[in-house]
Structure formats: structure tokens, C-alpha cells
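The first chain written gets the first letter, and so on, giving A, B, C and D; residue counts start at 1 in each chain.
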């Protein structure tokens, strides 16, 4: 690369028009990059990304995919710069020019063709349920929004079932969506494909409208954040952990089975914590389970680390040594916990991968708070995992 | 399921009776019998014996908040308040004309009020379109839910669509009919000035006899005085003997105020009336 | 019926070139009530003025209209002519046909026509003008200064030296403020105590200053020239009239309190003076730390006090002072950095805030001026983090102005007192002040390391227990830095005193969103406030350094003097008043007035206006729905009549 | 003879009136259709003044005040901004041409702006023709 550069303000203008208006506010203090979990381990530098964006410099494309939209920098930024909007806008502008990394092409392709990121057959979206759970119909109170990942990913269908089983016991009126719905599109938006995101969004909104949906329970914090912030409608959206915490508090569900003194730590998913402000509900649920010794990791709540799965990270390849999930597993193990609980299907996928590649999957189990709770209700849904993912 | 008028009347009597009996208020403002069922009158109960004279039916449209300012400050008053009436009460509290602590608000959730003159339903076309009181101490029935929620501003569409000249002709025709009986300001809970600006001679703001210029001055200035304060009960128009649709103008001003200042009149006792307030970040665009 | 005289000025050719002045005068003569109309070459000249004066007498004029240049030019000149002729000066009307007519057109027809319209409006308005008199009030010659830091001390001394009596009110038990906590001051590095304590003593010695420590303002009444301010004297439990400052009591006291003076780094006694040079040198008892107040037994201090000055029964007392002007100089607090968990203040003992470090350097401080940390060790590596909470939308948006410089001072003192490596983590270096850039250069040459990048996080070192890791990006290289250090110094935002909004309410001052007091004008009246007679100085207005604070204090003293130097003062004549018969009691006026002049009379249900506070803007008159407020000199009738006249031609 | 509009101006003493003086001192030329009433602050302007001006036959009304934030009385023009905005909406809805009423912030140093605004506004009013809707003949 030449050492001489000329600002290319048309590009910077294009980024601002695509929603990166906040570029203007940044004064390059380095709080974001100093806070960013990626700075220490990769060449990704969020501050530089903004700087390149401000001047429209070439070379931006080399590191524009590094951000996992964990929102840590946004919360710390002294200028109130919406950095995620900038990342999204930059990706939108450049991927519009065809600069999508290889690993994301299948993701976007599947979203476009099948309405989900996992290349799953849309008609088989509800196969995990085996017709055991009610379909949502007008008049039902809650729509239990099953994230694509819990519908198609074999590990996460367990989570779907665990959630459905608890709902069955909860006494609330609920149903799962029909197979015609699409992915919420949250990650797609962060990857920068705003046009396709709008398509998925409006299809889902049509479904909600036709079925008079106003209250939604999500299993994934990503769907939660999308419905709350990106859909432009006033749905009442709850994360599943919030619902359980409420039911426990109201005495409608009480965990009975003692889990025998298992040491559990909890990882705050970025989209549940920083994006949605839910920190206490999953902890309350864990603390309600008999025989769980709950320990915090050093970085928790507002200070939580990212698993790396957001912003499209789940579908991107990262080299060893450049994976946040590896570091997080190590941090969890340092507490002496044998279960790393979390509340997001993306985090689960990231951590399970890491636990396996680090060869510690025997020492530490990755579980969703919901799964642990179901266990303590004395219900076992473990069965031979059948690959429902029809690739 | 909304509570029936009869039931509301019963509840009104019971609650008013309780308040007077316990000495919590020295009077209850409600409705009483008029010369027929269609013309109930504002009614003041000062003792338990008065309570029997209360009525409540679909013609009890009058906004009783109008009468709150008549009594000395500090008088403990119970008041029956429908949705828009309750907003008037809030607005009066904002303006410190009455104190929240001096009031016991008997909220009336109601659907199906009627205009006694036309027998037309009173809905978002001529009022704010709310069914449930915004503030109350006692609710005299179940909250109304499931009824269509309409924008109170939809009715403006036709007048808004007019060209400037057509709209001027429309208002000129309407305001020229004004006979200056001042029923509008008599019915209005927010018109408590005494004297009203138009009654003054120093300065003389406008002609006092009914003629184009004075009528225009009276009404336009009144619209301004009520800007950000009109709670859209529609009583001015129902009180008008020549049926000038004043509510249309008030609605338009209310709509603009809501858009410009982000607050509607009489919705929260913690707000300040929009025109005696400002935000540094108010946009100059509002002047365009 | 009025008798109006109209005097049309040619202003040489300035007006006469594009306005037919004699035609204008003839036109004026045709207007109702105009008894004399003349034109003249220079109306502002002595013969011109004499002509007006003569005509006032000769024609028994009761209104005068001068048709000439802008009222901003010669209104005062002609008002004097009226006064001298026995006519109330407010019966003058100026018609501006120069700046707003003759100079902005080349067309003499247009110019003449417009002048006629303006004159016609003026005649209409002149008829309705009323004579106004300014109320004259007595001015109390004394001044109160609230806040005994360097700003308050300076202002009090300046005023006292002119012979004024000054009440200096300080809420702590000693004056001195934050400056007394510092060891050295930038950029000269002179000893803070050496320059401050003589001033503190002068306050004590000065006969014109009544020093009121452990005192707080509790009520403010009145207005400029005549304030009645009630001050609460908090119970000290020591009778300072009897106490001879032997301090025997402080030696015997077994109680332990937290030393505010040393920023909580050490304990002090329950009966104490904050530091050796405190003024006054007399102790007070800290109720919360006193063994007697806690357990009901002890009273050792009472036993050792030969003066019998200890009084456990002492109560708060209130007294009211009459003053003509007030200077508010209440200073600042440092932002509490505990909520910024990423920096670990309060969690890691190695993390200090700036004031704590000031105390560490101070030879009268908890370590005797040695830089030793809470664990008793001397740090080997130190990181100073700038802009903690300053320039930060999540906390305080302003730049605190002094942190760059005192951080440099810290670096120098660390270098001087330890062998540590010193790092500065900064966003921008701000060294705009006399000698500041030079100071910056000097510190750079002392081999302090500058890392451009805001400190992002302070964590405990995993490898070396007890050490800290500072994480940040060095934005110059784009590299992520993990710096192991022993000590971290936070330079937090300066914020207004926690109770500044209460004080603002007492004195009717405006504050910005954080609570800093608002000046009347950011450039031209930086020390005045919207409340006449109340001035501000120092950091309570906005963060600033000592030189600026002292300059402001001197300025505020001079401002206060301009009021109290006179025995009487004239109030604005063009004020507003309420006609109670028309007032509907809506209180719009009370809510909108920036000066708090209107107030509501609950018993009568009407508003009234305190004319001493009114500045005559007329806002209240326009928000009054029942036209009950009369904005003198700009009444509704006057404005309407003028409009009518203007639109007639 | 071509139509010469009558325009009423209401200007605050501290900014716009002084700005108008500056336009004169610098000998800027602008049409003579404007007649200015001086008030101490734009917040003094009662909405009825505006209605009245049109009734008196003004073809246009121009209000000038200090820039928001620079008010001599601190917050006066911030109230005025809201009140005059409502006045404008009322005029519009009553059928008055929106172009006939204008509010401009003109500081004491903006003589140029003052002249420019007067030129522009006069031209606009000239194009709108005589105001007959409110005028009482």
C-alpha cells in the first residue's frame, strides 16, 4: 500500500448516508479500541475503522469484518458515538460492492433463499417440535419465537425443547410460529445487508400483524434486540430468562431437584446484557436452583466479555488464538466452575466449539440457563441427538 | 365490557355519599336532573341528602372541571370526571388553579356518550377520543377496552386538505355566524380569565358586537390562549347555539402543539403547559 | 388632549438628502394634537436642543417627538433636554429616519413616505405615553461572600481593603478550600501553602471581615441593594469566643473520624482542627466520631479545657445579615469515580484520585510528603489517566481545564520524589495558559512517557499480585498497550458542589445541566448573574485554574463595589406591573420570568411583580391571557396605537 | 401603479433593531415597505399583535429577535419561538397565506442579513399581492 493517501470524502458520505452518521462525532480518543475485546488479539481496530471511515480511506475492507457488535465500546464512548451503526453502514457500503467474505456468502445466500441462516428447509422449521407443542393462533397470549438456530442446529434444538417444556408447565397461553416465518434478521443487518434484512423484517411483521401478535417471548437475545429496536413496532418482548424469573418469583414454578452442588458460572450474552439491559433475570433463575453454587467471572454484567458470535461472527472463521470464546472458556474455568451457563444460542455454539477444540469439553459443560432450570424441575429431555438439520 | 350508565350512576352516588359522609370533601361536582332526561345539569352535592339527586346517562357531556375554579382555593372537592374531563383536571393542576390534594376524582370510564342536540355518538371526531380517565382516585366502573381507538385528528383531514382560500372562506362563513354569546368560553374548563381579553377596553383588542373583525380577533386569540392547554372535550362546540365547529380549530392547534413540543395537554400533572415552557433544543423549523 | 411637539432633524444631508424634511414637518403639523412642528439642520447640536427646550416652554408641550437618528444614538441626549425643561424624560419619542430610512434608500419619494408613516405611528404612541419615575432605593453598603476558598478569600480581602464590611461564609470549619490541600501549584511549582496561608491570616486579621466558618446560607430575601440573608451557624460544640486555641483537647481526644482534609487517607480526632494552618485555629467536634455523642460517656476534652469552652449542648443558630450585594464562590467537588468500575477506584488500593495524590505530595499530608502508597511501598511505575469523566457524554461533557496541567505537575513531583517511570494517558494535551506550554515542554524533557489514548481499563495483574495493568490503545501506533504499574492516578471531572442546585434555588441563579452557575452573558457579563446584585467567581461557574479564579474574584469584588459604593440606586423605570382587577391567577408570568420578579399572592389569588427584580423585557405581558400585566413604556395600547399609525400611511 | 405592500416589522431592541441600524450605518439598500415597531424583546410580542396587524391592513408581518441562546433576557426568545410558531400555525389554518408572517433571528452584527431578509420578504409579499382576508376596510 502506498504511504500517501488522499481523503475520499464521497465514500465517507456514503457511509454516513447508510446510517453511519455518528462518524462525525468521533474525536479518536481510543476509548473504543482500548475497550474492544478484539484489540489485544487481532489486527482489528475499531478506532481505525472509524478513522478510515471518516476520511474514506482505502484499506478499510481489510478489517471491517472484525467487529462482533458486542456494544462494549458504544457504552464507554465519551462522545456517544453509535459505533455499531458505523460498522453496519461500512459493511453495507462495501459489501454492496461485492466485498463479502467467503464464509458469509453461504450465510447470506441461505437467508435470501430460505429465510434462515442454516440452509435449512423452511418447511421443516418446526420439525424439532414433533407436533408436540401448540401453534400460535390469534387469541393466544404469547408467541414463543423460536430462533432459527434452535430450530435447525442439532445442539440447540435441545434448548428449543427445554424452553417449550417449561412453557407447557408455566400456565401461560403460548404457541410457536408457523413455518412461514423467517429469521429475525438481526445478524444479517449487522453484516450490512440492510436490503435483505428489510425484506425478512417485513415478511415477519406481516405474519405478526395477520396473527395479531403483540407479546413475544424469545429464546435468543438477538431476536429480542431485533424485535425491540429494529422492527419499529411496539411489541412487548421478553427474553425467556425474564419469563422464568418472573414465574419463579410469582411462585408459579419452583425448581425442586437438587443439582448436587454443581459450580456454575454465567456468561452475559452481549445482546441480552449490554444491548437489552437484562442482567439479573438469568442470575435470579440460577440462584433459584437448589444445589447450584453460583460464581461470577471477573468480567461480568456490564463488563462482560464477548463470545465472538455476534455481528455475523458465528458464521465466520477465526484462527486459533484469535477466538474470544477460547479466552472466555479459560476465564470460566479459572473460577473452578464445571458448568458455563449462558442464555443465548449463539454463545452456546461458540463455547461448545471452543470447549471441543481446547479439549476441555469434559471439564466444563456449556448449558443454557433454561436447560439447567428444566433439569431442576426434574424433567429429562435428553435423547439421542437426531440430525434434524436437512442440509 | 363497559359498565352500564345505571351502574355508574349507582357507583357515583355511593362514592359521593361516602366522601360527603366521611367529610373528606365539602362538595361533589356531578350531574343532576334537568328538565328532561336528555338535558342533565351540572349538580353540586353538599350533603348526603343531595346525593340522591345525582344522575348519570349518555347525555352527561358537560365538563365539570369548568366549575372547579369557582370555589375558593383549598376547598375540598369531589368531582365526577370522564376521560377528557380528567385531562382538564390535570391541566388545571398543572396551572396551579387547583391542588391535587384538594380533589377526589371520581373517574368515569365510559363509552357511548351522545350529543343531546343531534343524538350522534360523541367520539374521536369531536373529542379526544379517550374512554378512560387519565387520572382518578376512584374508578366508577370497569375500564373500557376493546373499543376502536381512533386518532382524534383524523377528522381534520378534510379541512387540512383545503387550499388557503377555500379554508379562509370556510372559517369566514363559520365565524361570521358567531353571535358572541360566549357560550364557548363559558363551557370551557380552561377559559377561566375574568375579564376575558375581548371584554376589555384598555386595550380594545377587538369589536364587541358580532361582526367579522371582532369575531375573528376573539376566536383566533382564544385559539392561541388555549394552545397546548385545550384538552379536546369538545364542549365549546356542543355549547355553541349556532353550531360553529370550533373543535376543528382546537384539534388542529393541539395536533400542531403535540408535533412541535412532543406533549399533549392534560396528560400528566408533572408537565408544564407547552407555551409557558421551552426547550433549548426546540427546532427553528417550527417557525417555517 | 396632548400637546405634541415634533422636531425633524436634517442631520446635515444625511437625512435631508433622501427625505424631504420640511415636507415631513408640514405633514406633522397636520396630525391631531401636534401643536408645533419644526425642522432643523442638527437637532442634537446646542441650538437644536435649545430650540426644543424653548418650544416646550413656549407651547406648553407635554410630549416631544424627535425625528432623527436611531434612539440608540441620542435618546439619552434628548431625554436630558426634557428633564431639564421640567418634562418627564419618558415622554420623549424618537423616530429613527436616518439608520432605518434615509441611509437605506436613494429614493427621496420612498424615503419621505416611509418617514411619514413612522412619524404617524410615533404621534399615535406619544399620546399614550405616561410619565415614569425610577424608584430610588437605599443600598446597604455591606457585602456577603459565600465560599471561603481562594476565590472567596480574594474577593473578601479586596472588598475589605476598600473599607467595606464583608461577611465571609464558609461551610467547613476553616477557610482555604481546595487550594489549601495542594502541595505545589502549576506551572511555577511554588508552594501552595506559602502563597495561600498569608491570605488566610489576613482574613482573620482584617477588621472589616466577619469570618463565619461552619456556616451555611439558609434563606435569601430581598433584592439588589437590600438582601436579608439568613445564615445557619452549625453547632461546633466548642464556644469559639472562649477557646484560646491551646488545642489540648485535640491531644487527649480518643475519638476517630475520617480526615476530610486528607481525602480520607488517614484518621483524625473527633475534636480537631483540619490542618495546622487552619483559620480559625479553633477546633470543632465531629458528632459522628465523638465518643460522648456515640456512647454517652467520655467528655475528656471538657476536662482538659481550661477555658471551659466545650459545650455539648450547643445548638445550630440562625442569624440574618443585611447586605447590598453577594458574591457566590462555592467551588467544586471532584467527580466520584467509583461508578466507573473499569478504573477500579475503590476496589484496587493502588488507584488514587487527583486530590488524594495532592495530599500524598504535601508535607503536612498523611505521608509527610513522601510518595508511599496505601501498602506503604514506593511505586516503581505510575500511570496518570486524563479525562476521567470529563469530555464524556456519559458523565460530564466539559473539559475540566486544569487536569492536563496538574497531571504534568504530578509527573514532575513523582519524578522528583521517586524513581518511578511515569506515564500519561491522554486524549489531547491542553496547555493554553501563560507558561503552560513551557511547562509541558519541561515535563517532556523530564522523560515522562506520553501515551495518546484514553485509559480504557485498570485490572489486577495476573502475573504479579498487587500490581495493576492499565489497558489502552496507543492511538499513534495503533497498538494495544497493557502496562503494568504500581499506582494509577485518575484525573476526574470537576463538578459543581453537590448542593449547588440548592444554593442556586436560594439565590435564584440559573445553572447549567450539571449545576454550574450561569453567568448573565458568557462574554460581556461573565461574573454577573440573572439575579441583580449577585455575582459569581471561580469554579462554581465553570472549571478554571487558580490565576483565572483569582482574576474572577477580583472582578466580582469590583462588580459588587459598583453597587455598594453608592448609598442609593435607581431601579429600572420601564418595569411591568399587574392590574389585580384583571389578573386571572394563571401564574403564567410567575412561571416564565427569568428574574423571578412576579410572584403569586395566594390569599388574593393574583400575581404581583417585585419591581426591584424586573428588567422590563415584557415577556410576562405577552403571556398574560387577560392583559392584566402592563409593560410600562411598551403597553398593549401603546404598541397597538403605534401599529395603527404605521399602517395608516 | 404597481402594488407596494405595507409590511409591519416588530424588532427586539438588542439584536434585530440594532442590526437594522447597522444596515443603515453601512448604507445597505433595501425596499422601504417595512415599518418597524421597537420592543425590548421578541418575547414581548403578543399573538394578538400579529392578528391585529393583518386587520389593520398589513400585507406582511416580520418579527425579528436575537438568535436563540443569545437573548438579552436569557430565555425570552425561547418562549417567543414557541408562541410565534403557534401563531403561525393558527394563521395558516385560518386560511392566511403562510408566507405573510415570518420570524427571523437577526443579531446586532447581522446588518447584511437584515437587509437581505427585508428584500426577500418584500419581494415575496409583492408576489402574494394585497392582503384582503383579515383587513378591515
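We take it that contacts are C-beta pairs under 8 Å (C-beta built on N, C-alpha and C of every residue); 3 or more make two chains touch, one makes a residue touch a chain.
The model shown is predicted, which means the values in this text are computed figures rather than measured ones.
Remark: among chain pairs A-C and B-D, B-D carries the greater number of C-beta contacts.
Taking each chain's centre as the mean of its C-alpha atoms, the one that lies farthest from the centre of subunit A is D. Rounded to a whole number, the gap between the C-alpha centres of subunit A and subunit C is 51 angstrom. As a whole-number value, the distance joining the C-alpha centres of subunit B and subunit D reads 35 Å. In whole angstrom, the spacing between the mean C-alpha positions of subunit A and subunit B is 50. Note: centroid distance subunit B to subunit C, computed from Cα atoms, is 45 Å. Each of the following residues of subunit B touches two or more other chains: 197, 205, 275-277. Taken residue by residue, subunit D touches two or more other chains at 47, 52, 75, 79, 83, whereas all remaining positions touch fewer. Shown for subunit C are the residues in touch with two or more other chains, namely 592, 623, 636, 640. If touching chains are joined by edges, the resulting network of the protein chains shown has some other shape, matching none of path, cycle, star or complete graph. Taken in their complex, subunit C has these residues touching subunit A: 341-342, 387, 391-395, 427-428, 452-457, 459, 471-475, 478, 480, 482.
Subunit C meets subunit B in the complex at residues 582, 584-588, 591-592, 600, 602, 605, 623, 625-627, 635-637, 640.
Contact residues on subunit C toward subunit D in their complex (touch as defined above): 70-72, 96, 98-101, 103-107, 110-111, 113-114, 117-118, 121, 510, 520, 530, 574, 592, 594, 615-619, 621-623, 631, 634, 636, 639-640, 642-644, 646-647. Considering their complex, residues 27-31, 33-35, 39-40, 45, 47-48, 75-80, 298, 302-303 of subunit A touch subunit C.
Interface of subunit B with subunit D (complex): residues 159, 164-172, 197, 205, 212-213, 216-217, 220-221, 223-224, 227-228, 249, 252-253, 256-257, 260-261, 274-280, 282, 284, 286-287.
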